[in-house]
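After this come two complexes, each holding chain A, first together with chain B and then together with chain C.
Up next is the complex of A and B:
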């Protein structure tokens, strides 16, 4: 009990001491919280996007077969469908028609797809949520496309894809196969690629090999490769994420370095006075430990709360802008919370503990020197 | 009533912050779970129905819009020697092979 009362007294003293330099300490907490906010935001967004990608893309075709020509993606002739279908283990082959349409007025590139069994008629389209937002001034309610022949084709948007599907359909425009061929000039009998259904997961490798043997100019992409791609994109160690984290880590290092390399003249004088008044080294260190904990705990909690609100309640505005890049279509990040307690714990130990400990080093140095020398500077 | 000591006030502040954080971490995911599951199920249904392959996250370039479908040297696909000039290219980790030391 006595120990507790003593520590509480140290904490009282520390808080009053921090309050005396409130401007400087508030700035310190704010900057520290900003570092935690950045790291935690990345952590939350990355985990949520990985989970979302894995769940949403689970139903994607088991195998996509592209044709390559001179190292580039080329259209697939219809004869390939029968060749792939004849392979044992393949239950269905769906030729896909899709491509990109650049709308000069909107300055945006859209994904145009002609799904098999398109439920609407000639001259009608279904648009994704992002398309409806960005396509500028439809004429007479029609979306005008410039076809490959140089003329204009008007399409009536008859349905909008649900807002809930924006993560996969933001820039999607669906139309009939005949309209697709008219806009892009793709001749009959050719497709963009093939979606291959292989119900038995264990046969996938063999089917892939057989496709490559029968059609050497193709590139089969398995679903697990596709999921691996997304796991890699949102990986801690790669790309943008590492840039953000390095910045935050560096900022934190500068903090820690600043604290570790010295105390201000005022702080040194304070320690000198305390020592002259009869505080021993352990007391000074206790006070400094409380100071480090007070600052780092407050900053950690503030940063984490702000990060959660930013990512899961405010649509991760900071990252949406980064993801948008030079595109006109800004993806809406409506993320479902997916949090890993281990990551939170790691963040806690990587931010709170080092800071609290590092504040002890200069204090220990000052506290072990003669009070007279400390006060004289 | 005795005035609160600084440590009491700080304890109170910390407790409030911890409570707010616990509320966010424990309560908000439960409250938003239904909407989240509906969103995911709806998107997954569309993916299965249309045979979609990629997330519409980085729509600025063909090879970032369809990451899994892009060719393996997509940064240079516009013409030989063309560097990756879209900011979102920086999101992507280099291919796994590049991390391993050359034999």
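Up next is the complex of A and C:
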């Protein structure tokens, strides 16, 4: 208890002393908070994007089978469906029709899909929120597509997809199978790829192997491979943004070092007086450490709050482009707040730990100052 | 390597800790050699001042080192998605040969740092630096251990490349597996339970003796170390099995996942706290002969003993929880 009361007294004294030099300390805290803010923004955004990708992929099939021809993706003939379905462990095989459509006027590429149970009729489409936003000049309320035959086909948008799935459905256009084949010239009996459902995850490897043996010209892709790729890509991007930011961090730490080393005459006199009044080196060192801790924690909290607002309320404007890596059709994305306590620990190690270490020697120098020398000087 | 914020944080911390420890260990040797409290020479004054720097710097980096052990485990768990076959941290540590060595060395390093911090704290309580020579004597081997641990950890992290093939925890900690993990999984649950309970009783009994008489510190430390070993066997042999409610799943790392409420973190934190405090009581056993510590040391030893009991108590409570509150029983 006595120890606690003593530390409280130190903290009390430190806060008052920091307050006396508020201008100078505010500048330091602001610069420090900026460094924390930058790193924290990247970390929050990466985590949120990973969570978003995982949520999106949760609804995708466990296995996708593509056919390859000369190392390129080819259409799959209908006969493959029965072959895959005959494999034990496969519960359902859905042939899929999808492709990319480049709209010259919008300068954007859209994903066009023909879902199996498309609820609307011929000549009607369902569009994602990004499509509605970017598709320029619909004629008479119709979206005009240029088909492979060279003529144009008009489609009436009858429904818009909800905004909350924008990361996946932003650039999506849904149409019937017949319309899809007309626009892209895909012959009957051929599909883009097969979505394979394997309910037991442990059978996935064996099923994958069997598919490759039965259909050697195919490439099965597992959902967890996709998840792994997304996680690696987002982490990698986040990591590199932090590496790029390390310049700013280094500049700040040099500034902090410089500031901690260059004690003002007033601060030196203050330490001299304290020591003359009976404070010993350990006390002054405690005070200096409390000072560092106060500055660190204040800046850490400020930076953290600012990063939270930036990422989850303002859409991570500063880094969104670098981290998401989308082109023209960047989806408008509200990231779901997701913070991991251990992430805060890494943030702490990236920002507070170096600060604590570099300000240690200046703090010690100040604490071991000879009162006599200071008061005379 | 995986350029991930948490990995960068670990690498940065390893660098900071190693540099500071190396510098502090050298200073420690100089202080140990030249320190003479009876002398009033400028050199002695400078050395006395320097001890403040060294002990503050060491307190700081050792605290970082202990925290970074948990960050390492978290990173390994978080990265498992990148590796084919990995289901949790067990797979990530298995990706290259440095993984489990790094974890073992860092755990030993964290325990050593905990004990050193306690001795350092005791030293600051006496006015005449009573434990200065012995604490700096132990600093060099401890620094070497921590630097080695951080080096192996860095090699482990730099050697992680996405899409490497590893084994899942079900294979590493299975009764059929070879090596330490397989052997631990093979220990019969009854035997592991008996060892764990015996360890707990030994710790409780020796702690009661330390608290009542202030003696028997070394026995308490030995009991703590034994309980640490028994707990590790227990985690693999039956604690994990009870938490997963699956008699064949022995993984000690799936416990730290969200699915099991991150229960592994308090379980291991309790174990490390208990062991480090228990060992620290033993390390301070002979310190009572210094006159300047005669009054304060018994109080410190009592506090450390209580902290050790709290740590082991937390571990025991987490171990007992599913055994009491779930319907799962080992046949």
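The criterion applied here is as follows: the second predicted complex is superposed on the first by the 252 of 377 C-alpha atoms of A that agree within 3 Å, B and C clash if a C-alpha of one lies under 4 Å from a C-alpha of the other, contacts with A are read in each partner's own complex, and residues count from 1 in each chain.
In the analysis below, a contact is a pair of C-beta atoms (placed from the backbone, for glycine too) under 8 Å apart; a residue touches a chain by one contact, two chains touch by 3 or more.
This one's a predicted model, so the numbers in the text were calculated from it and none came from an experiment.
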Which of chain B and chain C A:353 touches, first, second, both or neither: second
Touching partner for A:272 - first (chain B), second (chain C), both, neither: neither
Touched partner set for A:339, first chain B, second chain C, both or neither: first
Chain B versus chain C as contact partner of A:292, first or second or both or neither: neither
Chain B versus chain C as contact partner of A:281, first or second or both or neither: second
Partner chain in contact with A:53 - chain B first, chain C second, else both or neither: first
Which of chain B and chain C A:362 touches, first, second, both or neither: neither
Chain B versus chain C as contact partner of A:243, first or second or both or neither: both
First, second, both or neither for A:42, with chain B first and chain C second: second
In the superposition, chain B vs chain C on chain A residues touched: B
Footprint overlap on chain A, where chain B in one structure and chain C in the other make contact: 232, 235, 238-240, 243
Touch list for chain A against partner chain B, complex: 8, 11-12, 15-16, 19, 49, 52-53, 55-61, 64, 66, 68, 71-73, 94, 96, 100, 108-109, 111, 113, 115, 128, 130, 161-162, 164-172, 174, 193, 195, 219, 221, 225-226, 229-230, 232-233, 235, 237-241, 243, 294, 297-298, 301-302, 304-305, 308-309, 312-313, 322-327, 329, 331, 334, 336-337, 339, 344
Partner chain C, residues of chain A touching it in the complex: 39, 42-43, 46, 224, 227-228, 231-232, 235-236, 238-240, 242-243, 281-282, 285, 289, 342-343, 345-347, 349-350, 353-354, 356-357, 360-361, 363-364, 367-368
Sites on chain C touched by chain A in the complex: 2-10, 12-13, 16, 20, 49, 52-53, 56-57, 60-61, 64, 67-68, 70-71, 74, 78, 81-82, 84, 124, 162-163
List of chain B residues in touch with chain A within their complex: 5-7, 9-10, 13-14, 17-18, 20-21, 24-25, 28-29, 32-33, 35-40, 42-62, 64-69, 71, 73, 77, 86-88, 90-94, 96
